[in-house]
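Here the chain labels run A, B, C, D and E in written order, and each chain numbers its own residues starting at 1.
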């Protein structure tokens, strides 16, 4: 059954890395099979070079003076390759652990020669329609930003960074003329832009459920859909909220890896992430309200059922009683012999019927 | 259907600007067609000049020494014009982006030569009666305040600033004698004054719903009205709360763009916005309580329905049973031959009836 | 209807002052007609003088050296008189605006020569019994405290300050020997003492409603009483909570208008206001719990109704069926001819009846 | 009735001290009649002296050099005696007011020569069984701690300090070798130890109510018991939470009245009070959940009642209808003459009955 | 009964240590009988020695220069032995009290020569299946960390530290080459790794209950399971939340007991504990939502029951009435003599039946 699958997928596989010595680089995500793919982009204001490989060693030759190098690594399960890269760039084992630990929450760590940033890329898979809750995918992305290079690590290659690649290739905008810090900004900006879409998607789902409740024919598992929605919102919150601190630190950090002019851009991102957070909080409140709406919907339905029963019973039970009276077999019942009593009785019954209808109308039950 | 329309309008159109390089000036609001209109007011204690145009270039000539210039721009969709203005006043591309990005939350940014302020103007459209929830309109307004000029950017021209214009023209009050910072205060004051009206409107709606619930005939879609009310309150909150920080910063900012004597006025505005915030919180609590009220209303109704059913059934089912007894066809039923049994039976039935009525009266069901 | 009136009174008349230039002294309260009355008390350790007037000019003569002057102004609608006083004491227009703006929340502003304090006086009108929710009256009171004078502005003269007047006249306690700061303390103390009474009143009302719910015969509009109670508590909160900051500032303020020895007294008041706040929070929680109590009360009642119906129906419907069987007109029904079948049947029916009773007793429904 | 009494006792008698000049020493507690009793204990490492009296003057002689003096005063209603003591120890009138003001919340005030501490002693009276909610008694206790003396003021003498007295007398532990600050620690420790018992008592009551709800036979006034429990938890919270600040200040206070080595002990107490606070919060959440549990219990019961009604009605109403058919008096009803129709009908009825039973079993109603 | 047992076990035995002089070393846990067992591990980069004993004196000989010593003590009830150890290592009586006081919450205390850390080890006993709530075991663990030694105190020996022991023995990883601070990190890491498993277990239980509710056949005591779940989550929270401060202090503490390079590792642990905390909060929200889900499940069931009753009653009560009419014994009832009236009546009845069915189908009750 569909439901069951969804339930099983929910469980975070956080226990896989248990009982390992700390600093062990173990991938705990779900995309084991994926091969590690490297893409190296080397650019400055004048030139642009691009190269893909599956061996990290190929990337080392690409460092040229006066150029900014962006190395994008897709696929984290092949930890040996990542450790090689780590050795070359002199990354602490704990950083390597965080790069592949998909449970790691968004954070920023400052080192002597580089900045280490972890964020979550959120998206609903393409096939998810606005009706189903879909399974929000939260992908683990890390950045190592040095003076003239950016390393980006993704679980699976997506098309989120395509816009940045294109701008780099075409030399559109300010991107080629600025350094590694501006590249970091562009990549983060691409990720955060995606949050808006996720947020919109959530808004659609809330509206969809509200519409459902309004039509008074909510599907049977609506409480589970609402519970699922809550869960998704809480997961988004967990991915988004720590980012505020990351961006605020990027703006104010005392380092010369971030140029003065780029800080404005990070402040702008901070504003965006605050907008996203505010929307999350609103959707959260709306979602929590859905359960109450559903409860009133159920109660209203019950009321309607009860009214039908009460109207029918209240009209016919007394009439049946009257009929029962004249079904008795007493020898001395004067009415039985009267000529018109049957018709008079029908009259009385009709009257009772009409009075009852009037009573229910007055009570607005009809 | 009316309802449907409202649902569709709810969705924030935040995704329009997606996949644009950062710093791209893209208008994402709903008022595409509007033409950009400029109004230039140039004044000092002695003189007052006013001029409208649709070309930003016209505004550049108006800067005179010893005068304060207020340039009000209506309509944000024509981004090319706004970029021209931005170039002339040396505004950073990110500021221009924020000016036209109607999703930008209220904020204040301090620059060397000017202060940049974003606020939200809130109003219910005129046609909205106090009964319908109306659609709260949240209009994006930005200010750039230099030493002797104020630029104000609005999505659509409204009449909110008319009072300020009039006071400027008539030279009433302190407004002509003070500089650009005091003008900013007056404009913010006009916007915040409007919040009080919005807040009052919300109060009316809550009262209206409470009255409805009190009359025990809430309309069918009351849960949706309540949910909508919540949504509106949350939206107002989002527009109002960040303003506290904006005003507090305006009061305490370390700049000489704000004169010492004007700071008192900003503190006063801060007080006002705190009042508004407190009212929002109260209305919030009241609104959240409405759902509970509705729930008890439904349950009370159900109780009433059940009582009617129970009274009727409890009275007539035993009586029908008694009638049924004497409708049996046994050959040996001594009562059937007795002369007065029919009348005795009526007496018994009446007694049962009276006892039941007494029982229900004692239970306060009647 | 009583209810309606209450609903209409709820609305804060905050919009009256709209569209006025800032700093305009406009009274927005409800007590338009009241005449402005001045009372001047001039005292030091040895002497005591008291004088009342309706013209502020009379007050100006009373300032003597080595004496503390308390000028109490009752009635805020006559703004012209207040502006005169403001000019004499050199008060900023924004202060005058706050003095008459009854929406102004409690606050403290420090100026060169004086301190400006706004508080709310809360009381239930005398005629309000402990049963009705009454209409909590929140009166706007402001103080201007200079080196040797206190100005107090009230919407309407009340008897709250009578105790202070008396102590001044009799020279009881420390009051005559201390300066203007101690007088301010005494006046605030009188106001805060009243909060305790208001709080007690709220406690009585909560108890009253709980008692009502316990008797299981809550009045019809109990949800509205609870909602009203919430509203009142939220209003009290709004009046009381900002006072904590006011008093804390009075204690710690870096000014020589407050003598060192008086600061202890303000700390004491701070303690009192914290007690009041804590009580408000407790009453708040209790009130929010009342709705749940009411909900269970309704549900319990419904249960009781359902039980009566079920018992009656479950006993008599099967019996009626049995009677119905022997009311059939088949020609071949052996039981009909048996001599004792009628009496046997009665026995069976009695047995069914007893078994049912036993069943319901076992289920604890009887 | 028991209930009523409880209701009346709830009301805090906070209004008694109203309209008194500030600094008036007025006892507002409930133990008016109690006589003030003094107990003086004078000790150092070598010696131990103990003396009781009812006149404060007797205590003054007991101050010896190199000895620590503990004066314990029981009974606060005799304010004249307390004022005498206050004069001797040079206590500010506001301190005396706080000593007898049983509404005063826990706090700490630092003076030149002594520290003033107010705490609440909490206990359930002995006769309260774990079943009844009992009436939590909150007793007002204050301490004045000088360099070589401790004054402790209690509303009523209890046995809480007996352990300390004993240790002093026997010279067990560190108590005799340390000064007044350590004595204060021991007394506070005795009070806080009692909180654990109160907390345990609350835990028992919650469990008791849960058990009740589990047995599905909650007593009639369970909502009131829950409401009462909430009230008690809120009262405990009010007594305990401010103590955290008191103890944290005692640890960090910049004074030489607290020796360095004693500070560790206060930190330890701080830990204890945090534990108590955490438990209160947990019990709070559990208690708030009880109401929901009760609600589901009621609804489940209703479900059960409805099922019985539905089963009986659904089985017998159709059967009665069938019997009714053959009770009709039409002249031409072929079945009436058939020989076996009566028995066939019984067969049909039995079948209907069995089918119904099967249906209900399938629906798991039986 | 199982339930009862669980109820009794809930009670924290916090009162056992009551009325003891402070600083008394009293074990208040549940594992009285356990013997105190010592395990001494002495290691440096080159060597590894291991020794177990039941007498603390044996441990004292093991301190060698240039080696790190880890002494693990299992079983806290034998306080005499622990006091011996305390004397040797010069531990303050309050520390010894905290070591055996299983109520002590997680904390860190810094001393001259060592750091004292208290944490909680959480686990579900092996026999607990994912279905039952199990009884979360919270074991009290303390660490004393000096320059070259770590003392660890456990209530009962578990296998949580086995991984660390193994790594020490095999000399795998960095563990042998680093000092006592790194050992502390490894031990804390082992404990925190276990939290993830506990958290997963909670997630499973929530899913299990959701599944139950989805199947619409929740077990009878589901409200108690939910209440129990809440309680467990609150207990975990209490164990986990204070740890954040402990770890943050370990990272930032101004001491040379923690080497610079180890601080990174503590920061990493801090990240882990934040992840755990966030998960707890999410599970908390989900659990609190379960009660609402259950409530809607009950209401839906009631709706279904009511529908069955209403359908049956609404169809057969009018039919029975019709049959009752022609069961009357009036002499003049023309229909009785008509030849086909019986069959016509059947036709009418069938029609009524069909119309009713159609009505219910239209209302979607069938």
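Operating definition for what follows: a residue touches a chain if its C-beta (ideal position, glycine included) is under 8 Å from a C-beta of that chain, and two chains touch if they have at least 3 such contacts.
Quick caveat, the model's predicted, so the values are computed rather than measured.
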- Note on the structure: Per the touch definition, the chains contacting both chain C and chain D are none
- Centre to centre, by mean C-alpha position, how many angstrom separate chain A and chain E? 27
- Message: So the centre of each chain is just the mean of its C-alpha atoms; given that, what is the distance between chain B and chain E in Å?
- Response: 43
- If you look at chain C, which of its residues touch at least two other chains? 295, 299, 302, 306, 309, 313, 317, 320, 324, 327-329, 333
- Message: Edges wherever two chains touch, nodes for the chains themselves; is that graph a line, a ring, a star, complete, or other here?
- Response: ring
- Message: Going by the contact rule set out above, which residues of chain B touch chain A in the complex?
- Response: 3, 7, 10-12, 14-15, 18-19, 21-24, 92, 94, 97-98, 103-105, 107, 109, 217, 221, 223-224, 227, 230-231, 234-235, 238, 291, 294-295, 298-299, 301-302, 305-306, 308-309, 312-313, 316-317, 319-320, 323-324, 326-329, 333, 335-337, 339-342, 345
- Contacts from chain A onto chain B in the complex sit at residues 163, 167, 172-175, 185-186, 189, 193, 196-197, 199-200, 203-204, 207, 210-211, 213-214, 264-265, 267-268, 271, 274-275, 278-279, 281-282, 285-286, 289, 292-293, 295-297, 299-300, 302-303, 306-307, 309-310, 313-314, 317-318, 320-321, 324-325, 327-333, 364-365
